[in-house]
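A, B, C and D are the chain letters, set down in written order, and residue numbers restart from 1 in every chain.
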């Protein structure tokens, strides 16, 4: 039996190239992993995590369940391409086995089996496989058609904007678009010349056979297979450098993630898996408020990852992000966009002058004594009502409180971190940690969601429970320590990014509001809530731009026609207050006003 | 027969008052010291904050005065005025039923601030000189070359007890901003520094223009008053000031130093007021009854004020006030003569 | 050169010398963020400053010095800023102060 | 000169009969100047001037350095005045700018606070038995020279003109701060641009250099110089002035304050040592003259009799420009005609000066 024909050369070359390229990438990335990460892999390799990963690969890499859930049409497109192609390969493999038994057949023998069947004198066609393979081809072709359609009219596919691509993507994309139509043509021609009874290729073949004379068919036959093979080869060569590398990156990523590897504030080799796992589907573009409100079209996560991957990331693109987490919330691959963004900013190392932080030694402006520590946060000094309300509540419940920063404190360090000044941020972290330890608190309540997230993610505060004041208030009410009056007033609640998506605190503030009045939700809320625009993560947009973002977000809050707008972040508070004439209050104020006597 | 009102001064205030009186059926007579109407605003280039050519405001005024056949005495100085008329230097008396004093102001003589070298150094000029240069279409250094670095000094002869000018001249700040922008547009490569004590942007659109000057035109504002200027060997001006916002002295050499000269009270005010039995404000301007309902009235019935004779005013304020003066005069005439 | 030890030297003038200061960096900073020029020196930033409450850090003074071409020690001093962003919330001229801190540090930095 | 403002600030200066108070620095560092002043007034102008051996330092340097209290200096000043009265004079002239400032300040203080005058009167009486008599006029000796500048010009042997080019010499004039910065009315031409030296220069044919730092202090400043830790500030002031005047290529500097004359001269050496910068043509330094020396040269006095060999910066190049005949060898001869030894060569002028001598031979 022969399984070689000259037209297969492009395919073979492409396949070998792809294999070598992908293997090289994997090996390099794994080899360069820091010791901690490698230890994690070794530790978790034989665990349930691995099984879970396999299931997740099927669900996400093949079926694209997440995209399905978000946008069925888009999900179908991705599924038909990925799963359809996968089945074509698997079923094709089984097909050759059924025809030829377990015999060593080279790769191209499987892929171009239809070509080699008449060459090797196989005349009998098994209808089941003929029909199945045609059905799968049709599935994939539907996906390709949808992809074409999406390029032309993204809106119809439920996406306001589609991704703008780089050159390699365009090559790969064009090749991909031609692979399956080419296969359809090649297999139909084969059917026309040598017979075949698949509902797609067979019917089309029969139709062509009647239409064209045999000489023409034979002349077209080889070029058609050449074209199919070339499209495949070209796609494979372009693939490792294009977004399609995501196919071979997402799978190891799923495993690594199940083995508990995570990106950190410093760049590391693991980031490669996350960065190249981006398929540039562009789902992250639409939720971005910089795009929607300000018309900024070059900074969204898809472009950020693309620029970072090709080493063309500008500081402006890296910095121009609110880090509101709306894109991360919808990313089908679950890439840690915020952390990657932060560690992209931290590429400059900053060796501090030895005396720079000397002022931190022996600095302690705290006051009061108690096991509960209250850290208002820098911003809260600009919204003193929050602090006053918290003090009233503490007093009402008779809590002994240690005030960390009543007289001004040291920043939690997150703003520095968000700007990539990790080294400096660590000094703040160390200072505050030491302060908390020295005063032996067991609970730390903060009024600033930025601080909250920082304490939870960047501090090691074992033995100290960190709570946002909304959580603390919820607990006081639930435990019956604080009794509040149920009033008539209605409140529309704004989820601060760092509290909601950042710290997964959605229910507590809502329960607190419902305990004192009526809760009203704006159009976008919870995981979908809009950012106020004043995010500390963005140092690029100007004041007027911040205001524009805040105005649209505030409008949704106003539309609820609630008596007051409530938020739980001093920064959001300021942003909303300047965009509206409505009453804006912090959740602590709402509670303090409604303490039952 | 129509009542006759003599208006002393044919500047913007005088002309506007005359036109308003005329429209009320009163016969105005303008006595102008100069040989033509227009006052200080004549020869001004553009007006803040809208960059309206000054001629577009002043020319129609003068033309209307002519069209309305308002009687004008030119080249005649009033040496004495009273509610029943004025006496000219020639001795001639023009009888009237009321008198409007619209004598305006005197530009502060920059020579008096000798430390800035006006008149000594070729490239030190006043804001008025600059307007005239802009009007003539060519702003250059004394040697005909283009300035690369210009300093504009605010408050020359304003808020300065050392030259007995305690008051704020009100219009210089915005003029400084306006001229800085004009200079920047003329010389885009030039660096322009405004040295100020306070920036007083009281009018509509002024603050916006100030910000535009800073942000859009990159004009440097240094809070600190130039203490002294000296000429260098190549005819540039070396200036010293304190950059009070950094708390450090600052020195630099500029090609051109523009002094924003303030508004002083006319020297003759004292004598005129004495003869008319009026009082002056401590800054030498005529004192009004108050700043509210009596803002255009003198202490004597029948003598009224219009424009910058009572205090530094912008052209816009002057024109608005002139209408007010006319209505006050009208009311007075009705009450006093038609009983 | 001198072989004598006088026990003192010629003091550097304290004055900001705009004739000899190298304004290229300052111009580059202003070109990138022209809003810096809109500062009216109200001092709100410094008054609200978290770092200013515990050190003598003064952002207003520092950026003014930078605009005059006085860069000495600015980078190190600016590193006292914790980027907390209070200044941005209080600036009456809406200046992106945090962006400016980053920009000035970048331009003057010793990275 | 374009500056005409000096005419607004005039003061009355007596024509004759002066009581002369000497200057500590002047008589120590360039005693020839005081001698020349007395000679010019007495011999050239025929004016009555009394050089009283009884008078003392005004103690101004001590006063400005917080060593001498106000009461003490007032009493010392009162004694000088009473000496003047005892000698039969009423026009007090001071050779020193610091003293001149002190006399004016003390008189003004007595005027403003009569109780201080009464107290001083008492102290003087108790300490010396003398009665305080206030002078009719107070003037600095440069005022006197200015007052008689035209008379001097009429007797001039030469003018301030470069004999080789025929061009007027470019002269930097430096006025001591205490001449008019304390009381603008105490100086001719006021505090900003006093005319006292400029008037002499113009009357004698020179050109005044109007340079940016013309008004700046020389840096003496008493505590600025006397405390070593502050000297860096002191020298920085002279440095600033020299840097500012250098582009104008002045032929010489003339000062009316003994401290300034000394500092502008000697700091040129210190700057050359510290900084390597030398001023003047070929780095030979800019000669610094007292106004008495300037007048003496105009009147044809011998430079070595004027004491010009006391200068840090050699004056020979200037003498050459003025066409002064002088004996180079006589520079280092004492009054007895014996060689007094010559100073070590120093950075500011050593090489070049020797070259000039060789050329002249």
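The rule is simple: a residue touches a chain if its C-beta (ideal position, glycine included) is under 8 Å from a C-beta of that chain, and two chains touch if they have at least 3 such contacts.
Just so we're clear, the structure is a prediction, and the values are computed from it rather than from any experiment.
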Check: interface with higher C-beta contact count, C-D vs B-D, is C-D
Taking each chain's centre as the mean of its CA atoms, chain C sits from chain D at a distance in Å of 45
Per the C-alpha centroid definition, the whole-Å distance linking chain B and chain D comes out as 47
When centres are defined as mean Cα positions, the distance from chain A to chain C in whole Å is 39
Taking each chain's centre as the mean of its CA atoms, chain A sits from chain B at a distance in Å of 65
Among chain D residues, those touching two or more other chains are none
Going by residue number, chain C touches two or more other chains at 13, 35
Touching pairs of chains in this structure are A-C, B-C, B-D, C-D
Chain D contacts chain B in the complex at 2-3, 5, 192-193, 210-215, 247-248
Seen from chain A, its contact residues with chain C in the complex are 315, 319, 348-353, 356, 359, 363, 365, 378-379, 381-382, 408-411, 413, 415-416, 418-419, 421, 424, 428, 534, 536, 539-544, 571, 574
Within the complex, chain C is touched by chain D residues 228-229, 231-233, 235-236, 239-240, 270-271, 273-276
The residues of chain B that touch chain D in their complex are 114-115, 119-120, 228, 230-233, 238
Residue positions on chain C within touch of chain A in the complex are 35, 48, 50-51, 53-55, 76, 79-80, 82-86, 88-91, 94-96, 98-99, 102, 106, 109-111
